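Look for chain A in each of the two complexes below; its partner is chain B in the first and chain C in the second.
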Partner chain A sequence: MTRHRGTLRGILGGVLLLTVWEAVARGFSLPAYTLPAVSDILAAAWQHRAVLAAAGWITAQEALAGYAIGTIVGIGLAGLLVVAPLLRGPVLPTAMAINSVPVVAWSPLVLLWLGVGMGSKIAMVALAVGFTVFLSALAGFDRVDRRSVDLMRSFGAGPAGVFWRLRLPAALPLIAAGMRVATVRSLIVAIVTEMLGAYGGLGWVIYQSVTLIDFVQVWSAILVASAISLAFFGLVGAIERRVIFWR
Partner chain B sequence: MKASLRLAGGLLLAGLIWEGAVVVFGIRQSTLPRLTEVLAAIAATPGAYWSGFLRTAIETLIGFAAGTVVGVANGLIFFRAPILRDMLLPIFVVSQTIPVIAFGALVVMWFGNTLMAKAVIAFYLTFFPVTVNTLLGLHSVDPRQVALLRSFGATGRQILFRLQLPMALPQIFVALRLGASLSLVGAIVGEWFGDTTGIGVLLLQAMYNENVIAVWAAILCAAVLGTGFYALVALAERRIVFWGAEQ
Partner chain C sequence: MQTTTTALLEMQSIGKRFGAVQALDGFAMDVEPGEFVTVVGPSGCGKSTLFNIVAGLEEPDEGGILRFKGRGCHAKELLGRVSFMPQRDLLLPWRNVVDNAILAREIEGANRAAMRAEARAMLPEFGLAGFEKQYPHQLSGGMRQRVALMRTFLFERELMLLDEPFGALDALTRSMMQRWLLDIWQRHRRTILFITHDVDEAIFLGDRVLVMTARPGRVKLMRKVELPRPRKAELVTSPEFTAIKREVLDAIEEEAMKSFVAETAA
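For the complex of A and B:
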């Protein structure tokens, strides 16, 4: 019952926010550079739907490709460090050094290396996602109780058996949490890198609209980006609930 | 003392490996310049790098400090007024999953190319996680402890400052550490929309000039600022949450 009421209030809050926004923008007839009305943003988004859909498709592709690469590399690297602990010495400090740089600061360098095309965005997303997943996967693998490992060993399980049967399932909740956070990050990084230089995509649209002082277009690009991000987040969350059914 | 010596040793070793790898493998300067070349570039115009470093640091710090204060206050308000929490928290959670950094473009348009614009971007990137985690921390307090204090005649204010806020601190610091990196990213990206000083500007100018050495010099500045800031927050955490379990 209380949960039901909470949802209702949440919807009420959202509706209220949009109403106040619309009323303030219309009532005070605020200029578009201060705050365009919600209805104007929606109308503009619909009017430019072809441009926005194309841009959104490019950004989504970059984010998805980078996300896939980053997840695989992140989990793989963490798994490798668990199976071969000797590698920790050189790999961990290198990873920390790369990670100590704010991720967007790599964007100009990656753009110089890989060019203005989609490759540079995919690489940036893979970098950002990879680190998030790597750190959470490593924490997950290390969380396993020493005694459980010993128990499986005593039953004659090899290192591979311990990894597949014990470490991976035990680490899954943490890996999934990292992957959920990484969804949002993948879109942000793709958009930010596009702002610096691109042939298309939402970040490019935002940057162009800022230089053209087209405020409504900036808002509608943000709207599309948010919709993609929410959908991606929801999708990964749904898969997580399926895979980690015991939580 | 011993730890700082080891840190210095590690940094020196990393520098030697960087320098040595470039020379040994004959890596082209356009891919990875030698560390000494990068340091020489900084030493050639120390003023530009220092003022950029300072400017970005101030933007980040102002935004971070304001975000912390408002975030904690907001968490307290949500804790005290469940109606507000139910109405606004879902919006907060949704806003966590959208690429907030895209709003950076709007903030720069609102405030112009001022220091304030970047501070505002850093502010809202810090403010959201701090609000959510403050609320989480306050809710994690055992109600029996509150009942105990109340039975001793403690006032609401005493319960808040003696029990609830201290108990919430570990959670708040998780958000602060996240905010430390996010606020720096926000400040750097904010500078891309046109400014004259700052690490973001240094990155952008170096990219447009295709000057890889200058890009690396700016990345180094960003790494020093990011690591230093993160270390400060972690140090504050260890001092303030002295009872917290070391990770």
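For the complex of A and C:
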């Protein structure tokens, strides 16, 4: 009930914002490079739907592939540090050092190493997503109640048994929270990396349109990016609510 | 002279030190098969340390003797050999009643389907009939505790360690659970070592009541409870019960004063 009311309120807020936007853009006859009208953006998006769909598809593939790789590596690495605590010493500071620089700062290097194709975007997304998920998974694994671990041990469970039956499920809420945040990051990083060098994708469309002074097209690409991001976020959130039913 | 070969668990001059704290010192006791022994003592007297040693989670210091079924052993060899129930139910929130109850057996490698069937058949006895598909967050405190007890019972070991299993329950639920536990115990014939803060509970349940000293924990008093079984609720007001209670309370009082003085002086 409350969730539906929240959704309704969100939609109403969105409609209100778009109406004000349209009124301001039209009322003050703002030039397109400042703020184009919503109706113009929608019309342009429809007109260029084939180009935008193709670009969106490329970006979505990069984001999804990077997301999948980052999630698996992040959870796996966190799990490894839990099963082999001796690795914590060398691994954790290294991870923190890499993560202390904004991920996007690595883009030029990664483009140099992996080329201008999709590989470099996937690697960048995996890097960004991997750290987010790694840190939340590690926090999740560490949060487990010591007394629960003792109970499992008294039942004769070894470290592997404790991990599968206790640590992993107990860490799921935090892992899922990290994964939800990472959805949005995955698109941002894919698009920014595309802007720095790519053969296609929404970031590339944005960059090209700016050089062609086609600001309505920039906004259309942003629109598509937001839609994909929102859908991805919603999907992961919905899966999360299904899987973690006990909270 | 082997006079104690029948004991299930024997402990002699068991000590345990954590840094500056001597939790146990010269602790000794025997538990006979099928016996119900209750342990009371002032807070911080090392009851939990005692349980952690018997559960195999903590190794006692050098020099003590620990025997299980007549054979000397390290505490860690007891992991998986006694069924341990900690104070809090520690049910896994992502497992339903039946899957929580079979957890210990599942770890042991038992067939899941067969175990589930066995657990389902036990539900009525534990007052959980019709609740097999419920999750812990849907149950009351008393029911959660019964699921935890069921998990402990299903893990069929000769010795059961129960650490204040009813501590968090209200008085009424608690006395019902006590009679219910005695009933189950008499039918399943396990050996039980039971920690509690509640003197009435200790006497009502136990064949023997063990009173521990203030830290470092030793045996202050081992009192046999010669009250007939099955025990009824009205037993607690009988003169025999009151006499034992007087004796046990005096012993606890003395120790509680000691630890109180020690704490306020520190």
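We adopt the following convention: the second predicted complex is superposed on the first by the 235 of 247 C-alpha atoms of A that agree within 3 Å, B and C clash if a C-alpha of one lies under 4 Å from a C-alpha of the other, contacts with A are read in each partner's own complex, and residues count from 1 in each chain.
Heads up, the rule we're going with is that a residue touches a chain if its C-beta (ideal position, glycine included) is under 8 Å from a C-beta of that chain, and two chains touch if they have at least 3 such contacts.
Remember, predicted model here, so these are calculated numbers, not experimental data.
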>> Once chain A of both complexes is superposed, is A:F233 in touch with chain B (first), chain C (second), both, or neither?
In response: first
>> Between chain B and chain C, whom does A:R165 touch in the aligned arrangement: first, second, both, or neither?
In response: second
>> Output check: A:A84 vs chain B and chain C. Expected answer is one of first, second, both, neither. What do you get?
In response: neither
> Which partner, chain B or chain C, is in contact with more residues of chain A?
Replying inline: B
>> Going by the contact rule set out at the top, does A:A157 touch chain B (first), chain C (second), both, or neither?
In response: second
>> For A:W246, using the defined touch cut-off, is the partner it touches chain B, chain C, both, or neither? Pick first, second, both or neither.
In response: second
> Which partner does A:S148 contact after superposing on A: first (chain B), second (chain C), both, neither?
Replying inline: second
> Contact residues on chain A for chain B in the complex?
Replying inline: 5-6, 9-10, 12-14, 16-17, 33-34, 93, 97, 100-109, 111-113, 183-184, 187-188, 191-192, 195-197, 202-203, 206-207, 209-210, 213, 215, 218-219, 221-222, 225-226, 229-230, 233
>> Going by the contact rule set out above, which residues of chain C touch chain A in the complex?
In response: 52, 55-57, 79-84, 86, 88, 90, 92-94, 103-104, 106-108, 135-137, 155
> For chain B, which residues count as touching chain A in their complex?
Replying inline: 10, 14, 30-31, 83, 86-91, 94, 96-103, 105-106, 108-110, 181, 184-185, 188-189, 192-193, 199, 203-204, 206-207, 210, 212, 215-216, 218-219, 222-223, 226-227, 230
> Given the complex with chain C, which residues does chain A contribute to the contact?
Replying inline: 145, 147-148, 150-157, 161, 165-166, 169, 172, 245-247
